[in-house]
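Chain naming follows the written order as A, B, C and D, and within any one chain the residues start at number 1.
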Amino acid sequence: MRKSGTPFWLAISILIILMSAASINQKKSRILFFGDSITEIGVKPGGYIDQMNKMLADQKLENNYELIGSGIGGNKIYDLFLRMDDDVLAKKPNVVVIYIGVNDVWHKQSKGTGTDPDKFEKFYDAIIAKLKKENIKIVLCTPAVIGEKTDFSNQLDGDLNNYSNIIRSLAKKNNLPLIDLRKAFLDYDLQNNPENKEQGILTVDRVHLNATGNKLVAEEMMKALKGM
Amino acid sequence: MRKSGTPFWLAISILIILMSAASINQKKSRILFFGDSITEIGVKPGGYIDQMNKMLADQKLENNYELIGSGIGGNKIYDLFLRMDDDVLAKKPNVVVIYIGVNDVWHKQSKGTGTDPDKFEKFYDAIIAKLKKENIKIVLCTPAVIGEKTDFSNQLDGDLNNYSNIIRSLAKKNNLPLIDLRKAFLDYDLQNNPENKEQGILTVDRVHLNATGNKLVAEEMMKALKGM
Amino acid sequence: MRKSGTPFWLAISILIILMSAASINQKKSRILFFGDSITEIGVKPGGYIDQMNKMLADQKLENNYELIGSGIGGNKIYDLFLRMDDDVLAKKPNVVVIYIGVNDVWHKQSKGTGTDPDKFEKFYDAIIAKLKKENIKIVLCTPAVIGEKTDFSNQLDGDLNNYSNIIRSLAKKNNLPLIDLRKAFLDYDLQNNPENKEQGILTVDRVHLNATGNKLVAEEMMKALKGM
Amino acid sequence: MRKSGTPFWLAISILIILMSAASINQKKSRILFFGDSITEIGVKPGGYIDQMNKMLADQKLENNYELIGSGIGGNKIYDLFLRMDDDVLAKKPNVVVIYIGVNDVWHKQSKGTGTDPDKFEKFYDAIIAKLKKENIKIVLCTPAVIGEKTDFSNQLDGDLNNYSNIIRSLAKKNNLPLIDLRKAFLDYDLQNNPENKEQGILTVDRVHLNATGNKLVAEEMMKALKGM
């Protein structure tokens, strides 16, 4: 994360200071990633959390951060709500990154059990309130994609845009940092998906991330965490 | 609720005692009905709560019970959960009758936002736990009908039976009284719907109750409350 | 339909020729509009077909065209297919304007009985083949809107874009004129819906047309028919 | 298929006559099974059509019948309609056994693209009409199960019962033989599924048949064909 123009001696000095600080505090910042199957897979080799750990190691920051994955396949916003005490609060994180929304939209079509938009907002609000009460820092993410076509002709694009708008306004309302993965993925696909394919650029199956997709998420996450 | 064989003077004596008790305690038992549109309509003239009030008056028990309707159209189990503090706990009820489930099933088909069965159970459990903690008595109800055909060929019969089974085992597990409206409605329709009609016997539109349906619910509720 | 630059005497001459032709042939061109509730409402006062009749009268072309509305609420592509013989071929039209697609998408969400995209294309193809065999001219339309928000955050935008793409490629493949109502509505709303409202600009309820919407459809239809 | 009371010499005589007839006519009765994945799997080793071939061989009837499987996974009633010419009429069958309906119900829930009941009946009617016109004998089947619980608490039981009723009345109206697989499966499960399991008695996954399920279908089919 060193800017390219930083002189070598300055970088080294900063690094020494940071490492000292870390050894003095004996404390790593605990970042918990709270989400669905994308996060469940994220901790596996090549997953976005695994890639973040490597990025941190490359930057000699591995002693500053502990990354905790808490993703469960199929989770929707209210699944997160129901398992907060056990899976989040009990782990005493400093930061929680909420990365949810795909199933809230997808299950409408595949199971008939998606989440109403107003209920999505209410449970999201309830999660934020609980975390705030514990003085845990919060980062929000928009859900990336269900289908990578770039002309908004993926079946669920409309709804995914709607739920992303809800998350964006929750971030604004609560003055919380936002990682806009939906925008990042669309921007990337607009550059790299000239054939308007459904999958294969950032995902393996329209939803779950391939190596490039995991890398893109890892980079976006790193940018946001750097500022915290 | 006086048995037909009770002598008049005894009934009068009991009544006087009861009324005295009521005036001494200055306290009515507060029964809150927690549900969806069926309960929202239930407080209106002819609705099941309105009919219960009349039944109580007929039995000179109107000073013993205060019936509070808290039904909101479209509510599912997690809507009840989200509005517990404001709409239930704040009202200090002695008894809460939970009458929910139709929309958890119906919205799967009409909106794509029904409730997964395991989530239905989890939120129901969470509601029971919260009420128990406040020493509030709890009565469970099964959802009556979405369609009155008696050969299990109403579109959502399978799922409605499934969710009713979940509620029945919640009642058993928690040792709580159950008002099995689904069974009561099916029994009534088996007697009174020889043409296998979709609606018109106990409902106006396959779901919402007509006068007879409201009466049947009121009677079933009275039976259960009598025992509390 | 006279170009603004046409001299008056020429317009009059053409008109006289056209009217003579009409009286000689004793034949009007029969245009049948084949669709769903939007077309069913289209024949009523203020509807798009009613407005087209007025436009034709204003242009003294009422003797050249007979407009026949054949819209039934809730129709999907295969409903059109099933009623072709009775409702289209029996009426011997010269031109059939196919305006369908909203329910094929919408019913997925509201009833669970939408149309698979490949089946949509197959039945559309079968309708085109039947009309071609009878030497009936065919005009295709894309479905306009389900929600008027302009940032593609209406719930069904993705699917509606997908089905519109299918219709566009059917028009191309079969070399048929296309009235791209989806594009026309989006363009209009981008100009006239700065608040990103769901309805009220061209529709009364996100789907069915208000006076302005009916006028826009009538104008787009007139442009296309002029060229036939 | 010989009744238990038939004397041996008579059975042999009939068999000789039948075999002579077959060799004279050089013609087998062609039975085509028209359906979905259950029929697609039915031709594979152990599938119901494979089992029927073995049953016919055991009864020395293999020269009298040619069984043709025409099942495609995911097919609904209108898929059958769309592929009638190529897959049925072109093959000149003497008998067509229509075994469809599971996906018409299931896709409502899993894809949003099930079939409206009135459209199910219309396309079924259209298929029957086309086959009758070619003097092809027709046998109808009800769809067996989506879930094997016997108390009508499988999610889609209500709808499956409804579509089975539609098929039953189509058989009656058209005076056609009916193989009531839904009834046969329920009867079998009532005897053999005391634990009210979802699958494993006649199916591997609530829908697709295990060896026992394929055998039951084969036996029911044989009974019906015997009478033709």
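Everything that follows uses one rule, which is that contacts are C-beta pairs under 8 Å (C-beta built on N, C-alpha and C of every residue); 3 or more make two chains touch, one makes a residue touch a chain.
Small disclaimer: the values here were computed from a predicted structure and weren't measured.
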Neighbouring chains shared between subunit B and subunit D, ordered by label: A, C
Most distant chain from subunit A by Cα centroid: D
Inter-centroid spacing, subunit D versus subunit C (mean Cα positions, whole Å): 43
Centre distance in Å when subunit A and subunit D are each reduced to the mean of their C-alpha atoms: 50
Per-residue overlap in subunit C, given as positions that touch at least 2 other chains: 108-109, 111-112
Partner subunit D, residues of subunit C touching it in the complex: 78-79, 82, 107-109, 111-116, 119, 122-123, 126
Residues on subunit D engaged by subunit B in the complex (per definition of touch): 108-109, 112, 147, 151-162, 165
Subunit D-facing residues of subunit A, complex: 109-112
